[in-house]
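Look for subunit A in each of the two complexes below; its partner is subunit B in the first and subunit C in the second.
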Partner chain A sequence: MTQQQLGSFPGGLKLPGHKKRSTQLPIRRMPISKRLVLPLQQHIGEAAVPIVEVGEKVLKGQRIARAEGHVSVCLHAPTSGVIKAIADHQVPHPSGLTAPCVMIETDGEDRWIERNPVPDFRSLSSHEIRQRVREAGIVGLGGAGFPSFIKLNPGVRHHVETLLINGAECEPYITCDDMIMRERAAGIIEGIEIMMFALRAKECVIAIEDNKPESISAMRFALTANKALSETTRIVIIPTKYPTGGEKQLIQVITGKEVPSKGLPIDIGIVCHNPGTAYAVGRAIRHGEPLLSRIVTVTGTDVTHAGNFETLFGTPIRELLEFCETKRQPDEPFIMGGPMMGYNLSGDDLPITKTSNCILAGVDEVAIASQPLPCIRCGECAVACPASLLPQQLYWYSRSKEFDKTEEYNLFDCIECGCCDYVCPSKIPLVSYFRFAKTEIMNQERERRKSDIARERHENRLARQERERVEKEERQKQRKAALAASKAAQKKAENTEAESTTEAAAVKEDN
Partner chain B sequence: MSIFRLSPPYLAGANHVTLQMMQVLLALVPAVVAMVYFFGYGVLVNITLAVAVALATEALMLRIRERPVKPFLSDGSAVVTAVLLALAIPPLSPWWLTTVGVVFAIVFAKHLYGGLGYNPFNPAMVGYVLLLLSFPVEMTTWLPVASMSQQPVDLMMAISYVFTGQLPGALTMDTLSGATPLDAMKTQISQLRPPEVIMNQPLFGMFSGKGWEWVNFWFLLGGIYLIYKRVISWHVPVAMIGTLFVISGIFQLIAPELTGTPMFHLFSGATMIGAFFIATDPVSGSTTLKGRLIFGAGVGLLTFVIRVWGGYPDGVAFAVILMNMLVPLIDYYTQPRVYGAR
Partner chain C sequence: MLTAILALTLLALIFGLLLGYASVKFKVEGDPIVEQIDKLLPQTQCGQCSYAGCRPYAEAIAAGEADINRCPPGGEATILALADLLDVEPKPLDEEVGTEKPKMLAVIDEDRCIGCTLCIQACPVDAILGAAKHMHTVIADECTGCELCIAPCPVDCIDMVRTTPNPTTWRWPDPEHITLQEKIEEEQA
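Right after this comes the complex of A and B.
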């Protein structure tokens, strides 16, 4: 494989990584919690539908909820125990709302259900692989949680050139991808092989930022062990820059191509997956293990013993924080995800879900809530923007609620990476303004669609009534005419019976 | 973790408006020292007076507009406006001249448009142009370089003149003052004297006005510091200086009798302070990178046009204000291509 010239994207930031804090110890297994809380919706799409009863005994890996609709995945019991309740519970979401969850009281035996491993994945069809990935409950583990089976479908219109494994992990503090690549490289390679097979991809690129030398060598070592795969797969070391891990930015760095606006990577023959997802796919197919746990980074200035933990879904975040010992007060807010794109949560009872990549308690260089100064139009935000937007214009129009203008300035190409916020000398919360504008526009859109449908219905109804009226009149007219004609014919027939075969025919024709 | 923002990102860069303004003031120091050296202590008196008036006016306007006084007063923008204006007016100016200029800049050019961030025109230049149009005599009473005049201007003399209009002994402003190099060049060219002959007069130095070339040099150095510190981007200064250089170079070749050399233009009058400290004002300038190149080039071109064919010896202030008017148009047509756009 020849090393291709790397592309780059405009803007971005060189951020202090603070990654060493959580990479000093290997991945540890979080002890099984007494009680697990499993939200039915841990992915983008439709929530799963529970298929267990309260009081039912479940085994580790047993399905407890089925996928509903197309964009959905199944959910499994992360360990053996008893279903205690199916009820609303607080979930880790910025809204702080509750959502339906399955509560399991664990028995500590961790007894598996019968598994169905497929040592040779080539005996399966692409469709069967997707089905199994869906049934295994696998979603994108990078943080978005989009059902992975959909992204393993090349579809009929596209063909997949490149499977891109996103090992950039560009956000400061987060190290779960780094650690899984260091320690489970062989498993990731296994998963990649299956993904390539399902996608019928020509090549695979594993992109890793140059601040993760241990990951790079571990992945290299694992790849060389697989002769067949190393023919089509290469590891590309990319410069450390935020937000290189953004899908669009990574594609630009690796291929020099851009994902069309409002399009998907597959439009240019690329499918992007996280290394953790690849590992999960490998476990699901080769070992028959559904997705029951994930690696969670617990770190931050308030955490005494930071590190990465293999954590069962549903484990209370409080237990993780206690396990690591923190200086924080109970119920003090923490960040879910990274410091640039994560969101803050409070409530210690919240569970770890499929998308919980990092629990961050306390950051250096913290942004203090303060009254922002006016925009001085310095343009630093535009320089930092990786999408080449003009954030100062977007801010101006979002603030004045001129939403059509924000769309003209390509608001929806904003990936909300927060680079503009970071560099703003006036400390304006730009991303919050953009999110506000996006939400408003989407609401307006929804309203408009609703009223469009209502209006269309109304117009259709009027048209139908009008048509019916016209038809009715027409029918009446015809009936009248027919009646009149037949009467006239009768009269004529009575009067002049002898002649008029021709006339009668003419009258008939008139009718 | 104490109080942090309730929305991401939770990390903040060190960049801050106040920090930027302080860097600008720091970058002005060498040129201010040079100006004091060449033109006397009047420069310092002007600056002190202008800053005091600016802060008082700013505080008053913030109070009237019911805006928080402390955060806005400490952002440093009023101080920068005041210092730039003080450096633009003659080194011995009556107190009311400075005061009128600063008050007009802060009240009309800044706060009546909405304060920091909302002014379409550079406040310092608006104040300067008001003074130039209203008080042409006072605004053109410049001092020749101190070493040339028999009477150096010391601090007491400067204070005395600024606040009372009195000069020691039999001195009058007429005996002290003289034409600036740009002025002399323009006047004498209109008398059909060739520029290279004019340049031999004692008012001129190596390639521009004596003293002025050094002042411009230190503004240039301060400007490079600002670029290095990423307070300003290189686009406006490079475009402005480049355009001025190229266009004066062209005229040097085709009509040398018309004006001075490119080096004369670069190191005369307000070229360097304009290129690095005035045209780079983010609020009233273009925000896109391509737009900044156009904006800077426009300022350079207009400066040359006004210097050569206009009614005033220097044209930077007018050029900046005229280009300020074009900013919305420039910004609209120079939007960068967005990621993924077809």
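Right after this comes the complex of A and C.
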């Protein structure tokens, strides 16, 4: 293993970590809640489709919803119990809206369904591994929730040089990746081995920020235990800087290469996964366990006993907060995620989902919500931006709704890291504008597709009406012609009759 | 009877072919600018612009007969897009034609519907399903919210409801943007 020169990305911030608070105790298991609420969509892509009925008994690990379409994964019962309802329920989403969920009343027995472990993953094909990962409901546990099986496909056009394990965890307060690397390093290594095999990757880099010495030594120790893997895998210690955990930023640090705008890491031969995801892949293949729980950091100034908790999906966030004892009042908002990229949620009945990495109640430096001042064009935001964007331009165009301009300025490369907000002397909520502009643009695209369909339907209708009109006219013409013909025939008949009578008369006269 | 059916089928076939031939033979080259304008209009086909639908309005704009600020369903976004396309100054929505409203969706109270089919005849995008004397329903995905089915209904059983977003279609709120008026002023200043 040669120590390679590290690259870097522009901008970024040195932020106080506030991580000690939640790393004092080992990961604890959250008690099973009486009632679990499982949104059918906990991942990016199509929502899963329920395959159970209300009143049905389910076992731990039993599939309760199947994947629909390609970009989708299955959902399982996190423990044994009875399906109580399949209905809309408030979900942990910034909108505060409801979405279809499966409600389970747990029986406390935690009885497993029969598992199907594969001790030797090499007996499986790459495709079979992906299918199992999909069946196990695994999504990226870093926060975005993209179905992991898709990112285990080496593809035809590309080939994967490097599997990059993103152990940066750069955002303040969050420590769930740190804790899983400290305590379950061997399991993560197991998962990495399977991922390497499925991807046919040449090498693996495990990147960890230098503020996590415990994780670094635990991972090192686990890696040396696996002789074969340690030949192709190295642990790279990277400087602590926000937002190194951004996928494109981390790739820049590790390889010095830039992922092209609108491109994907795979375009330059890299696939990036979170350590928690690697652990889940190991459990799914070698132990036959689907994804039923995750590690959630509960922390913040209002939390008395902060820490990390292995929590079943569907567990009410309120129970987690109560378990840790908080000063928080019922229904007071809290942050889902970290202080930089998270969003406010309120509602005591919200469940933990596959993407809930951190519950934050109370932050140290409270940004005093002041009236934003006009932009003075100081350019600080552009200096801080890790994606080399021009936030002040993006702000101007988002604000005046010139969305095509925002796209010209690469709005969709913005990772919503909040660095620009943080440094802006005018306290302009820049990211709010960018989030607004992004969803607005996506909505316009949806509307455009819809209006294209409406135009087509309208044109079809006009064409049909025209056709009906022509047909009707034609029928009328036909009828008229037929009428005329029959009239003519009648006349003719009358005439011939008349003729014959006159003829007859003539004959008579002749006689 | 059989001959009648045969005759009609034959007729339909002949005219279908004839129409098809005519449409190929006498194809009017679509006016590209009308196409482009029409693409930016919301296709609600509501007629609030005082034209018979989006395409006629697009034709009127292209002919220089109509201003670009007459489409309430499209609102500001459409005006900005049209201004951009035609390289003219944007201007606020003409008050004469109405105001920009949130998107709506027609819902038929199926208990009260008498199955008269009048709404089907009114719907410009064939978004209503139902046979005579049977209750009708609106295909939510296809309804453009044009409100044209409301007036014809003799028992008043169609309501316009606001479309509710789900977490995927939800949009982040606008933190505070400048209105078109302010923007025009700011640019002139």
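Annotations
Convention: the second predicted complex is superposed on the first by the 444 of 511 C-alpha atoms of A that agree within 3 Å, B and C clash if a C-alpha of one lies under 4 Å from a C-alpha of the other, contacts with A are read in each partner's own complex, and residues count from 1 in each chain.
One rule holds for everything that comes next: a contact is a pair of C-beta atoms (placed from the backbone, for glycine too) under 8 Å apart; a residue touches a chain by one contact, two chains touch by 3 or more.
The shown structure was predicted, so the numbers you read here are calculated from the model rather than taken from an experiment.
Once chain A of one complex is fitted onto chain A of the other, the partner contacts of A:Ala454 are limited to subunit C, with no touch recorded for subunit B. Contacts of A:Ser432 after superposition on the shared chain: both subunit B and subunit C are touched.
Of the two partner chains, neither subunit B nor subunit C is touched by A:Ala482. Legend: residue contacts after superposition of the two complexes on their common chain; A:Ala144 is shown touching neither subunit B nor subunit C. In the superposition on chain A, contact of A:Ala225 is made with neither subunit B nor subunit C. By the touch criterion defined above, A:Asn344 reaches subunit B but does not reach subunit C. With both structures placed on the common chain, the touch criterion links A:Leu25 to neither subunit B nor subunit C. Touch criterion met: A:Asp404 reaches subunit C, while subunit B stays clear of it. On subunit A, the surface patch touched by subunit B in one complex and by subunit C in the other comprises residues 429, 432, 435.
Contacts from subunit C toward subunit A in the complex involve residues 11-12, 15-16, 19, 38, 41-45, 53-54, 76-77, 80, 84, 124-127, 142, 144, 165-178, 183. Only residues 41, 91, 93-95, 97, 99, 398-402, 404, 429, 432-433, 435-436, 438-440, 443-444, 446-447, 451-455, 457-458, 460-461, 467, 470-471, 474-475, 478 of subunit A touch subunit C when the two sit together in their complex. Interface of subunit A with subunit B (complex): residues 9-10, 13, 15, 172, 248, 252, 258-263, 300-302, 328, 332-335, 339-344, 361-363, 365-369, 371, 373-380, 382-383, 386-390, 392-393, 409-410, 413, 416, 418, 421-427, 429, 431-432, 435.
For subunit B in complex with subunit A, the residues that touch the partner chain are 1, 3-17, 19-20, 68, 71-72, 75, 77, 114-118, 233, 282-283, 285, 287-289, 292, 331, 335-342.
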